[in-house]
Amino acid sequence: MVVLFWVCAIVLVGTAIAVVGSRQPVHSVVGLIVNFSALAVLFLTLSAEFLAMMQIIIYAGAILVLFLFVIALLTVGNQPIETGEGRLAHQTVPAIAAGVAALGLIAFGVRTAWSQSAASPPADLGTVPAFGTALLTTHVFAFEATAFVLLVAIIGVVLMAGRKEIRF
Amino acid sequence: MMIDLVIFLPAIAAIALLCIPRDAQRALRGVALIGALATFVLSLGFITGGFGNEFDQRIPWISGTWTAAYHVHVGGLSVYFVLLTTLVSVAAIWGAFSYSDAGKLRGFLALLLLFETTLLGLFTAADLLLFYVYWDLMLIPVFLLLVGYSGSAEARSAAWSYLLYNGAGGLVLLLGVVGVVLHTGTFEVLGQTYSFGTLENWLFAAFALAFLIKTPSFPFHAWMPPTYTNSPPPLVAMVSGVQSKAGLFGFLVFALPLFPVAAHTWAPVLLVLAVASIVYGAFAALGQRDMKTLVAFSSLSHLGLVVLALFAFDLTSVPGSIVMIVSHGLISAALFLLLGFVEERTGSREIGAFGGLAAHAPRLQALMLVAAMAALGLPGLSGFAGEFLILIGAWQTQPVYTAISLIAIVVASAYVLKMFQAAMHGPESVPGGRTYGDLRAREIWILAPLIAGIFLFGIWPGVLLPGGGSLTGATPAHTVALHGQRPHA
Amino acid sequence: MPQVPLADYLILATVLFVIGLVGFLVRRNPITMLMAIELMWNAGNLVFAAFARNFGDMTGQVFVFIVITVAAAEAAISLAIVVMVFRHREDVDVDDISVMRG
Amino acid sequence: MDKFAALVLVILLLPLAGAVLISFAGPYLPRVAAAVIANGTLLVAFLMTGIVALTGWQATSSGQTIPQHFAYGTWALIPPLKISFGLLIDPLALTWMLIITGVGFLIHLYSVGYMASDRNYRTFFAYMNLFVFTMLLLVMSDNFLWLLVGWGGVGLASYLLIGFYYDRVSAVLAARKALIMNVIGDVGIMIAIFLIYAHLGSAAYSDVFARVASVGAPALTAIGLWLLLGAVAKSAQLPLHTWLPDAMEGPTPVSALIHAATMVTAGVYLIARCYPIYDHAPVAAEVVAVVGATSALFAATIGCVQYDIKRVLAYSTMSQIGYMMFAVGAGAYTAGAFHFLTHAFFKALLFMAAGIVIQNLGGEQDIRKMGGLAGKMPLAFWTFLIGTVAIAGVPPFAGFFSKDAVIDAAIALHHPVLGAFLIIAAFLTAFYMFRLLFLTFFSGAYRGDGAPHDHPMVSMNVPVVVLAILATVGGFLAAPLGAALRLTFVGALHDQDIATINWPVAAGAFLLVVAGIATAYALYQVRPQLRESLIRALAGPRQLVMNAYYLDTVYHWLVEVPAYAIADAAAGFFETFIIRAIPLAASATAAALGGFARAWESGQLRRYGLTIAVGVVLLLAWYVITAYAAASQGVLPQ
C-alpha cells in the first residue's frame, strides 16, 4: 500500500510538472491523462471506488477529450501561442515564491496539526451503494443544484459557441 | 421648542425661498431678511433674563450598545456663539443683497440660511453625534457657495482645498468621537467626567487637530487664505466671523471638559502653535497685497490668542477668551463686509490699486476706521478688551509666550494701517476713473449692530461676563479643566 | 496492511496544487492554464477524499463528485470562451487580453 | 452718585459729547455750529474743572478733606481679576486737566480762525474734541487700565490729526509712524500692567501704591522700565522720538495742543503718577532721569540747525520734555509738573504765533524764506518774542522759574553730569530759539516769494494774547502749585520747594542763557560771514545733526527693513513652500497610492491570479502563525 502510494505520488508530481511545463498543449493533455489515472489509483487506496471510476470516466474520458478538440480547433495554423516575452515577464519569480511559500506553510501546518491518522474507516466506505445512498439522501439538494449548474453551463456554451461573433 | 425654532427657522426660510420664483427679487430678499431677523430676535430670548439662563431639549434617538439623543442645549457658553451667529447672519444676508448676479441670488441666500442653521445646530448640540453631524454638514453650504457663486477658477480651487482640508479634520474628529463613544457607551458626554486612561491623550489629540484645522491655527491654515480671499463678502463674514469659532467652541465645550488631563499634557504643543499663529499671522498679514488676504491672516493672528488663552489655563484668560471670540466675530465680519463695499465701488481690493476714498466716502472711512482700529487693538474697543483680558491672564501662567505674542500687537498696527491708509488716504484714485458714492443707508444699517457691539464690548466687556466668569465654569467638567492647573496634584 | 498517513496525502495534494498554481501564473497559453486549473481541482479532490477516509464520512466523497461535475461545466465554458476569443482575435495570448471590451 | 462725582464725570464726557454730536450730525450741522459746540463744551469743561479745583483749594486750605476718588462701575470682573471704572481727581490730575481744558479751549478758539477755510472743518473739531476727551480720561482715570484706554485714545486722536491732510502722502506716512511708535509704547504699558497685576494683584492706583513697599525692587524696576517705554514713546524721548518732528505734518493747532502742550507730556504725567513705584525702584528712576537729560541735550543740538519753523519747535518740545522727564526721574516730581505747566503756556504760544506767520505767508514754513517780518506782523512778533524769552529762561518770564526748579533739582539731588547736560541744553535753547526769532522776524529783509500780509483774526489773536500773558506771569504760579501738589506726592522720597529760587544757580544759568542769545545775535544779526565760515568749518558734524543723527535711517535698516523682509518671507516663501506643502504632501501621497493601484489593476488575468495567490499566502501565514501560537499554549485541540 505504501509502495503504491509513493509510486502514484511520483507519477502524479512528474506528470503535473510535465503538464505545466510542456510547450505543446497536446503533450500536456497526455500528461494530464496519466496524472488523472494515477489519481484514480490513489482514490482506490482511499477506499473511494466510485470516485475512482468517475475520475477516469468524466475527467479522462470527457473533459480531456474536450481539451483535445479545442486544441485541434485552435492550432490550425500551427503557430505557437507563447512567442517572445509576455507582458508580465517578471511575474515568474514571485509566482514561484508564492507557490513555495504556500507549500511550506501548508506543509508546516499539516505536519503540526495532522501528524496522526484516525482509526480505520468503516468497511463500506466508498462503495457504490453507500455512495449512492449518501448522494441521494443526505446530499440530494447539492446533487440537484449541480444538475442546475450543468444546465446553465450547457445553455451558456450553446449561446457562446452558437454565434459567429460575440461582443464582450 | 424654542431652541428648535431658532435652529431651523433659517432652514425653513431657505426652503421658502426655493418656492419663490427666481426673478421675484423683492420677495426673495424680504423672505431671507425676515428669516434671519426673526432668528436673531428669537435668539435674543435666550438672554431675556440675562446670561446664565439654561434651555434644554432632549429626544431619545439611538439606544442600544451606544446611546445618542437629539439633545440641544443653550446656556452657559453656547449662548454667546448662538447670538454671534444670528447677529452676523443678519448682517451677512442683508449684505448679500448686493450680490451681482440676480439670477443666482435665490440660491445664494438659501445656502447662506442653511449655513446659519448648521452653525446654530453645531453650537447648540449637547450630543457628540449631533455635534459631529453638524460639523461636517457645515462644509456643504460653504463648498457650494464657493463653487457656484464666486465665479472664478481660484474660488473653485479654494472650495476644494476648503472641503478636503476640513473634511480631513472631520475624519480625525470622527475617529476621536468613535473612540470616546466606545469608551463611554453614549454620545451624550456633556457635563460628565470620564477616565479614559492612556487613550485620553490620543482622543484629545484627535479632537484638537480637528479644531485647530477649523479655527484655523498655524500650521493647518493652508485652506484659509484662498477660502477667505475668494469667498463673496457675506460668506466670508460668516466663515470668519462665526465658523472659525466652531473649533474654539469645541475646545471649550467638549475637548477641555472631557480630557482635562490630556489638555494639560498637550498644552505645551498647543501653546507653541498658538504663539506661532499669533506672530506668524501678523507678519504674513503685513506681507500681503490683497486686503482680504491681509484680514484673513489677521484672523489667524487673533484667534491664536484665544488658543493661547485656553491653554494658559488661567482663571482670567479662559473667560476672557469669550470676549475675544465675540469681538473677533464682530470685527472680522465688519471688516470683510466693508472690504466688500470697497470692492463694489472700486472693483479692486489690491493695496496700491486705489486710494484716497476718504475724499468722497467719509462715512465709509469712519466705519472702516472703527473696524480697523478694533482689529489693531485700540484701547476702548472690543478687540483690545479681548486681547487685554487674555494677555493679562495668560501672563500670570505663561509670561514668556505672552511676551512673544505682544510683538504681534505692534505688527498689527503696521498691517492694519497699511490696509486702512492704502484704501482711504493718500491722493484719491480709483481704477478706470470710476465714480463711487459713500455708504448707502442700507450698508450703514448692516454694519451698525456690529460697530455698536465693537464699542459696547470694548467699553464694558463685563456685560458679557456678568457672572464674573463663572459662566464658563458652569459645568463640573469645566471646573476640572480650569482648576486643573494641577489636575492630579 | 500498513496505512499511508493522512499527512502524506495532504502534502502530496499541496504539491500538486502548487504546481497547478505556478503553472497558472507563469503560462500564457490559455489551454495550458486551464489544465493547470484542472490540476488544482484535482489536488483539492485528493484532500477531500483523504479526509473522507480519515473521518470515515461519505460527505467528502460526495463533495468530490460534485466538484468533478462543476469542473466539467467550468472546463466546457472556459474552452468555449477560448474558442470565441480565438475566433475574434486570431491570437490567444492571455497577456494580450486585458480589456473587457471586444 | 453724589453731585461731585456727577460733575467730574460731566467734565470728562462733555468733550466726547461734542465729538459725537459733530460726527453724527455730519454735513447737516452748520460749520459755525460745529465750532460753537466744540468750543462750548471745552469752555464749560474748563470752567467746571476750575470750580472743582477752587473747591478743593478752599477745602484744603480750611483744613477739610474732600473726596478725590469716584467709583462708577466695573469694567470686567473675572475673579481674581477686577477692573473698575473710576476717576481720581487729585491736584496732579487737576493740574493736567486745567491745562488740557484751558489751553485746549484757547487752541480750539484759535482753530476757528486758523482752519476757517478747510473743507473738513467739522471733522477737525470732532477729532480735537475726541482728543481732549481721551486726554482727560488718561489723566483722570483711577487705574492703569483706563489710563491705557486714554493712552491709546490720544494716540488715535494724534494719528487722525497728524494725518488730517490725508491726501498728502507725507502726512499719511507721518501719521502711520506716529501710531506705530505709540503702539510700541502701549505694549510697554500693557506689560507693565501685567507685571503690576502679577506682583501687586490689582490695577487700581490706590491698591498698587499702597502695596508697593511689599514688593521687591527687581519687580518694581521692571515695572518702572516698562512704564518708561510707554512714556518715551508718547513723550517723544530717546530713542522713540522720531515720530514727533514728522508729526508737524498736522495742522498747526494740532501741533500746539497735542504735540506741545498736552499729549506729549503724558509720559511725564505717568511717571509722576507712579511716583511710589519709582521711589522704590531707584534704578528705573535713574534711567528715567538719564533718558530725560539726554533727550533734552540731544534735541537741543538738532534744534540749532533745522530750517522748518515747526520742526525747530518740535525739537524744542522734545528737549523741554526732556527736562520734565529728568525732573520726575530724579524725584523732583513737583518741578516736572511745574515745567509742564509753564511749557504748555509758552510752547502753545510759540506754535500759535508761528501759525499766524505761516498762515500769513500762505503756508510757508521754511525760515530761510522769511525774515524781516517783525514790522509786518507786529502781534505775531511780540507774542513770539514773549514765548522765546520764556522758553529761553529769561526772568521774569515763566520758563525761567520752572527751568531753574529743574536745574536746582539736578544739583540738589546729586546728578552732576545730567545737570551739566541740562545747563548746556539751556544754553543751546536760548541760542536756537533766538536764531529762530532772528531768522524769522529780522536778519535783513523778507526773503520769501509771496507778499507777506497780516490778516488779524480775533479768534486767533485773542488766544495768543491770553497765552502771552500766561507765559509772562506763569512763573508765579509756583507757590500755589507746589502747595497743591504736595497733597499728591505724599511721602515722596524728596520734598522739594519749587517756589524758592536757588539764586546762585539761577544766576549762572541766566548767564549761559545770555551767552546763547548773544551768540545767536552775533551769528544771525551782526556777523553773517562768521556764520558762513562756521558752517563750512563744521560741515561734517552739521550734516550729522541736521539729519537728526541719522536715527531714522538706522531704524529704517534695523527695524523696518527686517520686519518687511520677515513679512514677505512669511507671506511668500513660507506660505507657499511650507504651509501649503502639508496638504500638497497629503494629496501627493493619495495620488501616488492611486497611481500604484491603477497600475496594478492592469486587467491582466495573471496579475489578478498572482494577487489572489499572494493574498492566500498571507492569509495562510496569518492563520498558521496564530494557530501555532495558540497550539503552543495548548488551546487548539488536536
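The chains carry the letters A, B, C and D, assigned in the order they are written, with residues numbered from 1 in each.
The criterion applied here is as follows: a residue touches a chain if its C-beta (ideal position, glycine included) is under 8 Å from a C-beta of that chain, and two chains touch if they have at least 3 such contacts.
Values in this document were obtained by computation on a predicted structure and should not be read as measured data.
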item: Pair sharing more residue contacts (C-beta pairs) when A-D is set against A-C; value: A-C
item: Computed distance of Cα centres, chain B from chain A, in Å; value: 70
item: Length of the line joining the C-alpha centres of chain B and chain C, rounded to whole Å; value: 65
item: Averaged-CA centre spacing for the pair chain D and chain A, given as whole angstrom; value: 100
item: Interchain centroid distance [CA atoms averaged], chain A/chain C, Å; value: 5
item: Set of chain C residues in contact with two or more other chains; value: 21, 25-26, 28, 95, 98, 100
item: Residue numbers of chain B (touch at least two other chains); value: none
item: Overlap residues in chain D, where contacts from two or more other chains coincide; value: 604, 606, 610, 613
item: Contacting chain pairs - touch in the sense defined above; value: A-C, A-D, B-D, C-D
item: Of all residues in chain D, those that touch chain B in their complex; value: 23, 26, 73-81, 123, 145, 148-153, 155-156, 163, 166-167, 169, 172, 175-176, 179-180, 183-184, 186-187, 190-191, 193-195, 197-198, 563-564, 566-572, 574-575, 578-580, 582-583, 586-587
item: List of chain D residues in touch with chain A within their complex; value: 604, 606-607, 610, 613-614, 616-617, 620-621, 623-624, 627-628, 631, 636, 638
item: Contacting residues of chain B [partner chain D, same complex]; value: 161, 164-165, 168, 218-223, 225, 280, 283-288, 297, 315-316, 319-320, 323, 356, 358-359, 362-363, 366, 373, 376-380, 384-385, 388-389, 391-393, 395-396, 399, 402-403, 406, 409-415, 417-418, 421, 424-428, 460-462, 465, 468-469
item: Chain A - residues contacting chain C, complex; value: 1-2, 5, 9, 12-13, 16-17, 19-22, 25, 28-29, 32, 35-36, 39, 42-43, 45-48, 50-51, 54-55, 58-59, 62-63, 66-67, 70-71, 73-74, 81-83, 86-88, 91-92, 95-96, 98-100, 102-103, 106-107, 110-111, 114-118, 120-122, 125-126, 130-131, 134-135, 138-139, 142-143, 146, 149-150, 152-154, 156-157, 160-161, 164-168
item: Complex contacts: residues of chain A adjacent to chain D; value: 87-88, 91, 94-95, 98-99, 101-102, 105-106, 108-109, 112-113, 116
